[in-house]
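So, here come the structures, one by one.
Both complexes below contain chain A, partnered by chain B and then by chain C.
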Partner chain A sequence: MKLVFLQTDILIYCLLLVIGLYIWRARGKAHLAAPWRKVARRPAAMASAMVLLAFVIVGLLDSVHFREPLSNQKPGVTEYSLEIVSLLDKLLTPLRKHNEKTYSAPLATRLFAMETIEQPDGRIARAYPRLQYGGAELGATPKGYARDIGRLTLKGTLLALLLWLALTTALSTWLTQHRNLGWRALWRGEAELPWRAILFTLGVLLWLVCVTWAIAPHYHLLGTDKVGQDVLYQALKSIRTGLVIGTLTTLVMLPFALWLGVMAGYFKGWVDDVIQYIYTTLNSIPGVLLIAAAVLMMQVYMDIHKDAYNSITERADVRLLLLCLILGVTSWTGLCRLLRGETLKLTEMEYVQAAQAFGVSHWKIMSRHILPNVMHIVLITVTLDFSALVLAEAVLAYVGVGVDPTMNSWGNMINSARLELAREPLVWWPLAAAFVFMFALVLAANLFADAVRDAFDPRAE
Partner chain B sequence: MIAYLLRRMLYAIPILLGVNVFIFILFFAVNSPDNMARIQLGMKHVTPDAVAKWKHEHGYDRPLFFNGPAPGAGKFTETVFFHKAVPMFAFQFGAADDGRDIGQDIKTRMWPSLVLAVPVFLIGLLVNITFALILAFFRATYIDFGGVVLCVAMMSISGMFYIIGGQFLVSKLLHLVPISGYQGGWDAFKFLVLPVAIGVIGGVGSGTRWYRTIFLEEIGKDYVRTARAKGLAERVVLFRHVLRNALIPILTGAVVVIPTLFMGSLIAESFFGIPGLGSYTIDAIRSQDFAIVHAMVFLGSALYILGLLLTDVAYTLVDPRIRLA
Partner chain C sequence: MSALLEVQDLRVWFENRERQTRAVDAVSFSIERGETFALLGESGCGKSVTALSLLRLLPPAARIVSGSVKFKGEDLLALPEIAMRGLRGSSIAMIFQEPMTSLNPVLSVGTQIGEPVAQHRHLSGKQLKRRVLDLLDAVGIPDPMRVMDAYPHQLSGGMKQRVMIAIALACEPALLIADEPTTALDVTIQAQVLELLRELQRKNGMALLFITHDLGVVAEMAHRVGVMYAGEIVEMAARETFFQTPRHPYSQKLFDSVPRLDKRGQALAMIPGSVPRLDSAFTGCRFASRCEFAWQRCRVETPRWTVLENGGARCHLVEQGSSVEPQAPVLTLETRHQAPENGAATLLEVSELTVHFPIRKGFLQRVVGAVKAVDGVSLNIPAGRTVALVGESGCGKTTVGKGLLQLLPLTSGSVRFAGQELTTLPKSQLRPLRGALQIVFQDPFASLDPRMVVADILEEGMRALDVGKSPLERARRIDQLLDEVGLAPESKYRYPHEFSGGQRQRIAIARALAVNPKLIVCDEPTSALDVSVQAQILNLLRGLQATHQLSYLFITHNISVVEYLAHEVAVMYLGRIVEYGPVEAVLSAPKHPYTQALLSAVPLIEKETGREVIRLQGELPSPAQPPNGCHFHPRCPHAMPVCAQRYPGESAFGAGHVARCFLYG
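== the complex of A and B ==
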């Protein structure tokens, strides 16, 4: 196995590092830890944090890429497959490999379209052909379909129940020993954290995961798409794209917004004029047009430098990163303006003026005295922007300036399934899958962002 | 006041100039006029003569920003930038890269965009204010809580879902209105009902929630307490005092988008086949027509700046305490 580090992977690891550092720093500081404790006390916030965590785990599993050794090895040299796969791909091998011919409905055993098939006795008939993988154990004429589905669901449910009970027991034992909280107190919601909401969400998530785990290898839980690929697999792979766009974009825009905003507010005068001019100009260009123009430019650039990429995966990845860059560069203006306003206010405060009177350098005042005091605005904006960016991806894919068409993303799923709505009967499952996954992620992010805003915004009392 | 407005209008010129420079750099940083000619003429079998001819016809045969050999001021005026960007300030958009007159296109396509965008804006404003007022009236009850949860859920749904779902439900299952298309005159009504309804529904979540916070902020103020202390009914307090004062931030916030209504909605117009400026822009993006994208960017920026100006004026009109100087 040979590890491959895509560019977005590296940035994701960097992001993890930054978050880790932040947590490590915030633990010791009361003024940073207190608002987070406030967030943790909200049941809705903790429930959505669990959902977000599930998405993040899938996204991280999908961010460890490698190339597998080829099966027919020459002795002495190890050769690796050109295909780049991720840990998630490995986990989902049955879903990835079980490709049918074309559309099939969720949990179907037959294809969606009629075909002319030759029967064993030589006659030609029009029928719905049997799926190659969907319910393969049931034989050529699927018998006991309902019982099989029921059996698998039950298996998943039992497993989920066992796991949940084990986790709950472990948790309550730990809490009893270390926090002196019995399970009764947990149940009545007397603990500081809303354990009921957390455990309930955990239960629902476990049930979904276990039932999927039980059914997915045998059936196409969410059907297959036009080229017969499993829709569930596509939707799961799209999680990484959505998360990357939602997080890396803000990571890219942060330095711009932070420094320009703080500098404009601190130095005032001509620096302020120049920075204000820049962001008013950028802001006045209609967002989608600006993104479209930049993406068109990027496409031309990538066409000219076609040979720089070894594989489709790498090219799509570079394109994703550039898209994040573009979105970041076009969207930093709002945060910049907020920071400028806040800095203008802060520079009038006594402690900043005292620092100036002592002759502390501008750089030090900005980084030591102003920056930490505007961080709550940054945090609130970043969490609020996340869901908007995830939703924007779908719109950009529709306009034709989104991620690479070969990359799995909810926008691409919607875009390719949109045309199939005219079919009779309707092919609804790729659309529904994309919308439901997107909805779950965005709703969780919105609820969490709300809690963060309430906890960190000093005006929200 | 007039001096202020004049100064603001003069201030708009460097911004619009900046927009032009930016969009030029963006487009020509990697994409040369030769490339554009080849794309427009079709990639195969393009002779250098044909490229030169196309560039001459469309005015791309000059240097981009700086013409060294030209005499005097011609160093700056005999450039693609000068010839393409300066006429924009007089709203002369010139011809598209495929030869059509952009100004004419904008004039005809403006109306369908407006017919869609203005009702969405007005009805949306009315609906959002009504819902927000209801939630504010029932504040801190289960109705309020449920309403906010519903708002957050509606905000979390992709705008495309509303469009696709609406088209499927209303047009395909119930056959109430055509799925897409457009006709002038009164026939436009049946084509517009669904897009307008979806536009309003799509905006209800964020709008209601935003206005609710404005109402709640207003309700917490001292004059409201005074009004209650006088013994006024909650209904009177809400409508006569809170609503009027809350309308100041709501309306001034809404004014900024009024000019940009001209630009139409990219996604809705394209999905519903309405020949407005939004679908015009999308088509231009897809066919990489620089002239149209350039014109639309300029128009959008100019309208945005106009919106900011109108916001300032609106503030002085609704709040006599504010004076522009």
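== the complex of A and C ==
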């Protein structure tokens, strides 16, 4: 096995590192930890955090890429497959490999469209052909379909229940030992954290995962798409794309917004004028137009330098990264303006003047006094922007300037649904799957962002 | 049942998930018709909450737990909300502390005054307009026709407070609740507003519930006084009795901690510690932990209310009938290092300092004028002495302070520190001198970075100016500084928000001290603090001056602080110093009419007979367009024709006492 680090992977690891450092720092600092404790006390926030965590785990599993050794090895030399797969792909091998011929409905055993098939006795008939993998155990003429589904669901449910009970017991034992809280107090919601909401969400998530785990190898839980790929697999692979766009874009945007905003507010005068002109100009160009132009330019560039990329995956990844960059460069203005205003206010604060009276340098004042005091705005904006960016990806793909068409993304799924919705009988499941996944992520992110805003907004107190 | 307002056993608690704060705990008092009852107390003692609960205007987190509020025999707490709305504004009205935020900026003054009239009196059209004009006239606003159509931002602070009073008076209420109505105003304006309130009370016969922390204002206004401490009324008495013989140890301490001229050279009495948190359960007397007379009984047994003539007190001492003798404050100050007398070496010499802020207008931002915040100020600060800079808000005194520290771009003038000219120094050479010149700000809540622990705050200056070579040495110095300003060494790992206002000001002082300054500009360091805490800070500043040979430029509007602390005083009016001299000379025999008016407007605790209060007309003119000639002539009672033509020269009165006025030459 040979690890492959795509560019976005590296950035994701960097982001994890940054978040890890922040948590480590926040643990020691009362003013950083207190608002987070406030977030942690809200049931809705914690429930959505659980959902987000599930998404993040999937996204991270999908961010560890490697190339597998080829099966027919020559002795002495190890050769690796050209195909880059991720841990998630490895986990979902049955889903990835079980490709049908074309559309099939969720949990179906036959294709969605009639075809002319040759019967074993030589007659030609028009019928719905049997799926190659969907309910394969049931034989050529599927019998006991309902019983099979029921059995698998029950299996998943029992497993989920078992896991949940084990986790709950472990948690309450731990709490009893370390926090001196009995399970009764836990159940009545007397603990500091809303354990009931957390455990409930955990239960629902476990149930979904386990039932999927039980059914998915045997059936196409969410159907297949035009080329017979499993829709569930696509939707799961799209999670990484959504998360990358939601987070890396902010990473690109932050330096612009932070430095320009703080500098404009701190130095005032001509620096402020220049920065203001830049962002008002940028703001007055329609965003989609700007992004479309940049994406098309990038596409042309990549087409010219085709041989720079070893594989389709790498190419798609570079394109994803560039899309994040473009989105980032065009979306820093809002935060920049907020930060400029806040900095203008802060520079009049007396502690900034006290620092000036000590002859502390501008750079130090900005980094030690201004930056920490605007961080709550950054945090609020970043969490609020996350969901907007995930949605923006869908819009861009629909316009045709989104991520690479070969890359799985909800935007691409929705884009292809254009034709699927136009046919009769209509194919609804790819759109529905993309919708449900995106909805869950964006709703959870929004609820979480709300809680973050309430906790960090100084005016809310 | 003759009292207009009768409050019985009122308890107001603030509740949230974590704790219960008993902001008002069993408060009872009554107000007669036409009487002024002053509720005196330090911040956080529950006096504003008491007032708000009378009108049932409490924030949602607060709950009236028990008690009754009877107004004209009717229990307000039992009234339905709709009846309560009919009472608010018409029978009971309220004015707030901050005139800037109490008026709606997008409605004209006339509309806002007309609102309660239309609501409660159902007037409209011409009648309404006439009523509004009458009201504006009644509160002494010149040119009411014009002011009626003006918007709040076009009016000055004093005018806004008059408008607020006009709104409150609109329906001739039987009771007016005034919550610190003059705290945000200057002394001369405060005198005008207090006079106005007294006059209106005489005319309308309304009762006044006056909430304040200022003993001087109480002395001027009240008929009866209630002293609140930690949610309770600890003493109630008629004004004369209260000011002659305060019964409760807390009241006595309040009196003792007011700085005055006759306390110069002594330490002020101070109340140790701070107000207890109201979310704890109390056993015994709430003041016991800070009271020097407390004994065992005070700590275990809650004192009962002892009824005395015209009031009462809540103290075991009063209960026993033994009155405490007001003690002379214990002298704790070292008197060895007395400040050097006149003729000490000049540390800082400011001459002809001007700071003009350009007014820009139009597309190209051309300079069309200047706000002359400081317009030719000359000042000498001798080593080891305190120079006070006195004036009303907007006169440019803070700008002088920041200007001489080179925190603002100066327009012209020179600042020489120990013989070295600062204004022409390049930044790199100025930096090493920064340590010698430090500043302590007014607002202890804005002057400390909320994201830094105390140790970081103190270390910042040391690191920037290379005081203390190693981190270890700096850490030792931080401990030493904290000890010097009277804070525990553990406090260095805590954040500013964990401290009270007084403690924060101590941190700010320690921060300035950290870099071994020679001169500290104190920009109203005590004006945001309560009297008892102010005394602590003033004592601290005095002590530090003695041990470190510090010079202070003490910027303030509080004359009593000047009397207590300063050696020399400069009175500023509209960007210029109008009078300068040794503090005894200036305060006892003021020469400039403005100084005279300023001093006479200060509310005094002792009623002096024959003290004539000089009421200044109008307000401070805009520094963008100062009047020609002497800046003070439009408001001066002695103005002569020559005053409008030229700016007066200096007249000397001996011992360094000078004034700029044509009356003397």
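Rule of thumb we're sticking to: the second predicted complex is superposed on the first by the 460 of 461 C-alpha atoms of A that agree within 3 Å, B and C clash if a C-alpha of one lies under 4 Å from a C-alpha of the other, contacts with A are read in each partner's own complex, and residues count from 1 in each chain.
The rule is short, and it goes like this: a contact is a pair of C-beta atoms (placed from the backbone, for glycine too) under 8 Å apart; a residue touches a chain by one contact, two chains touch by 3 or more.
Worth saying up front: this structure is predicted, and the values here are computed from it rather than measured.
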item: Touching partner for A:Phe435 - first (chain B), second (chain C), both, neither; value: first
item: First (chain B), second (chain C), both or neither touched by A:Ala357; value: second
item: Superposition-derived comparison: chain B or chain C, residues of chain A touched; value: B
item: Which of chain B and chain C A:Leu95 touches, first, second, both or neither; value: neither
item: Partner chain(s) touched by A:Arg368 [first = chain B, second = chain C, both, neither]; value: second
item: Of chain A, residues touching chain C in the complex; value: 30-31, 349-351, 353-361, 364, 368-369, 372-373
item: Footprint of chain B on chain A - complex, ascending; value: 277-278, 280-286, 288-290, 292-294, 296-297, 300-301, 304, 387, 391, 394-395, 398-401, 414, 418, 421, 426, 431, 435, 438-439, 442-443, 446-447, 450
item: Complex interface listing, chain B residues touching chain A; value: 14-16, 18-19, 22-23, 26-27, 29-31, 35, 152-153, 155-161, 164, 167-168, 172, 260, 263, 266-267, 270, 281-282, 285-286, 288, 293, 296-297, 300-301, 304-305
item: List of chain C residues in touch with chain A within their complex; value: 402, 405, 407, 430-431, 434-435, 437-439, 441-443, 446-452, 457, 460-461, 464-465, 495, 497, 508, 511, 515
